[in-house]
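For reference, the structure is listed below as structure tokens.
Letters A, B, C and D mark the chains in the order given here, with residues in each chain numbered from 1 onward.
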């Protein structure tokens, strides 16, 4: 951390900064410029300390961070990429992983038909919502426990591993009994009681990026899960909130590159929620894959016009088949061929 | 809702839109322009239906909403302003309500000293965190249950009603046993399991605006609480996430005006979290009050340099006293004098 | 346009809205719901009228637009895609077009070496700045007229068409005497005097998206150029301003899909300015190409460490060669092979 | 500037950074931590050098700025506040300055009636647009030169100084012949040819903040004007582009506090453009004044329903009179009484 003192800050204020740094176990070095003094605070754990600890002290003009505030999720901490293994599938390995299925589980028929269709087209995992976070209390909230039973049945029949969202720390065990991967939605990225339960569960987790979270905050949140000893963490970029409204969110493919550069964790993309409209899903899906995503989460529905939620962004079976053909070409082009 | 059909959409597609509207219990009217047909979908509950229900249908170009998606929080539903009464204090009435205290409860001494100081300066409620949502797992997470005991003791000694945040649906009862108002933090605005417990509790709730939530989404979330029968809802603007970084968040005082125009609920402002720096708190506090906020939540600490969290944005006792003097002037100027 | 009247708006206010619509040459239709009256305003030019014209009238609650505010740039106005032809190169045709070169022209040696290197690697146009818009007055501002001479000389020797930015309406003729395509930078997207000169010039123009412009505003700006009779318009997505800072801007590949859906104009992407760092350029370049961009603008420098501007985001010759190899694979995968 | 080297960066790379710093005239100091080396680069002009100059060098992990990139606009450079004097009025002094008038000048009658009304209500300067930057080419673009003649006539008759926007570097002299203050609109904040002409003119300038400009970028732009020797610079916060759409822009009153803290320049606020709706103007006007703005720019029109532009955000004469009464109260409350 670098502490810039105000111009002509008295020596006592500089000394106080140095003392506080020492009291926290850090080393310091003084840089005495013509205009102002700068205190460098050094040590491998400075990332864990808030810049405020120094910014609040008298005579301090500003504090700049050098160590990033996340540690366990960083490539400096663990240089080799993390691969999460679920039922024989590797996430974060050479092959991109396509997870597809309906926004909400609506019935056994709907879920089973979708699972079979997406499996035939090349998806290797089934996604489907049991508990839905909806922005209006008057919207369909998911089938809940009944959806978990349906997912278990579909898994039995198709052999597909299951991804589903968990909203409530009290439901982690029930959902984990059925799901192979537990998903933390964008609105829950900083729901710490939920994160702590998921950390303890040891179950694989997809951590979606919050709507207005920086990559630094996202990786700091991954540290919560990693700090509990759960190393089965998969990130997922799903679009951020910006001023643009012609897409529902702005898919930030640059974040995929930043994660690959700064972290060892695998990162997926969700083109469906970012697009908000089925016609725009292929553009985002191909773009994210070419940008380096380790896989995609795509919404598919047997009859989007009748879907109980998010029909507008769901692909039909034939649209999904066509898109899978295109994604196979792109994956091969970037040296990561899919079966 | 207004459904715009694509240019030259065939009659069968128009008919299908009309039929779906009727099946949902709405009336329709056709507007046949030279270029395209527009279907108006009318009825007092169209706000409860997602625009996607029509946008997904073949031949539809776009769907515009007329009814807002929130209902119970709207001024159309309840024209007279809601006043929340807590221990003889009215929130949303004529007098602005100042709630002040430390970011985190650190000890009985700290909490009590702060309570007495802010009370003497004119604050009428004590705010203080027991459970802290922190973006790093390595930061101080609050004293938890011990902080609740301290808050109860401080309330006993000073008579000040207590505001504190609740993070976990499992803790609602314990926190409600001590706190007069339960606060939902910005990161939990769309934590629906938590909202449902709070709705059922019937306890007064401060609902902070999410970092990237529009006013429409915020009022829709208030509908969750109201739909459970809890009418003791207080909104709080605390700054939104934008590209500007010289303040920690951008306090959106326009949102205060929009809430006053479109909703009957009281709305506070939190200048401390928005500013992120104590020197900027007075600017935001005075601005929010003059813009029409029904009260303010302000962080105060006996010794900000030693605070375990958010010291940089905390006022000292003397800073707070000075600010209260200024706020009294502003409150009087806008015809809402404080004692 | 759809005008929603307030609940129980008196008939005289409704009549006034209808009259104003008629006075502007539009037809109207009344939709009388149980709660409120909605006036549909119909006609093929309603997109040209501001919603404010009705929103300001007494008794009006809100106004929703159906026709988009742009017209000449829309696919409804001109369904077949526009192809801009420059020196035998088609922009917006089947083959993606790679334009590469230094941020600033620094010398004949630098410009010529770069032109030859990028041409050998497969770029078909040379980009290079003569006049630089720099956020500090103390930064290098470009060589100006001398850079134009250098560009002319490089064009003579290599045969590569030239793209360069024009900042000042007084310089349009001078720049057009050398450049094959005139570029409008993001900060000038709404510099109307400049746009008008460019519209009149009839010269091909690259219109970069403004840092905080919606796609609708961008296409409305294209209407300025088209309205002057200049149909040689190429759009370029270059990243928008968001809260994320690990990339310099957020490349919005969804905007590429939206432009393709709603407009007939070709659209490029500029991964260099969005990335801000050379290590992130390949991720964005491949992503944008796979998402459907008609070409890319990429910064390349013989020695980025010594570049007078934007060295951090410039590729070396060997980095660019490697990236071109990857882009060729991606282009072939999406059915748009490059030579 | 603080240059963080990568973990285990070889000595040669560290040496190269040090050498480059020396070659630019700076001093350096090495901070050798357990994990990595940090090079502090010291000198009073480091703010003028881009961080990229070091970030691009091999072995560099990141570069943090200590000196701000603006200099002439900073309070460190000039501690005492700048007061701009125009026709006996002080901007940036004790008394807040209210400038009011129509969005566009539409006729002598309209301009004169408005000038007389706002003067009677307490405004001390007339604002009115001659050249309008409009996002659609089909909208009213202002009366141009004829509006300048009208403004000159109104000034003659009322004695009110005039503020009007200039869009085109070729028009600076003509506009300056009539206007007392030349306004740079938000869309032109980084129109450098225009800024240079304005800098040279020596005429007082209102520099509006760009829609997506940080305060740092805004003050850096002020440096352009100051560097040409023009010290008559007034800043104006007018709302930034965010995801919120219930107001047209988000008025960032925190920026007023930041400018007051970091710069010596006066800063106004424009509540009209931020609000976008006349009902929200008083909320923003009072909030900005209480937050410390040195004055306000407010749109007023004799008959907003008939205004040729921005009628929706214009106040009527009686609305403005009422607001001025409220503003006088607020100004007195913060110790800055208006006549």
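The working rule: a contact is a pair of C-beta atoms (placed from the backbone, for glycine too) under 8 Å apart; a residue touches a chain by one contact, two chains touch by 3 or more.
Since the structure is predicted, the reported quantities are computational estimates derived from the model, not experimental observations.
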Starting at subunit B, fewest touch steps before arriving at subunit D: 1
Of all other chains, the one whose Cα centre sits farthest from subunit A: D
Chain pair with the higher count of C-beta pairs in contact (C-D, A-C): A-C
Between subunit C and subunit B, distance of the C-alpha-averaged centres to the nearest whole Å: 38
Interchain centroid distance [CA atoms averaged], subunit C/subunit D, Å: 26
Centre distance in Å when subunit A and subunit C are each reduced to the mean of their C-alpha atoms: 31
Multi-partner residues of subunit C (at least 2 other chains): 212, 241-243, 245
Partner subunit B, residues of subunit C touching it in the complex: 2, 4, 7, 27, 29, 31-36, 38, 40, 42-44, 62, 64-66, 76, 241-243, 245
Touching residues on subunit C, where the partner in the complex is subunit A: 212, 214-216, 239-240, 242-247, 250-258, 260-262, 274-275, 279-280, 283-284, 286-292, 326, 329-330, 332-334
Subunit D residues within the subunit C interface of the complex: 48, 50, 52-53, 55-58, 69-71, 133-139, 167-170, 187-188, 190-193, 211-212, 217, 220-221, 223-224, 227, 240-241, 277-278, 304-305, 307, 309-312
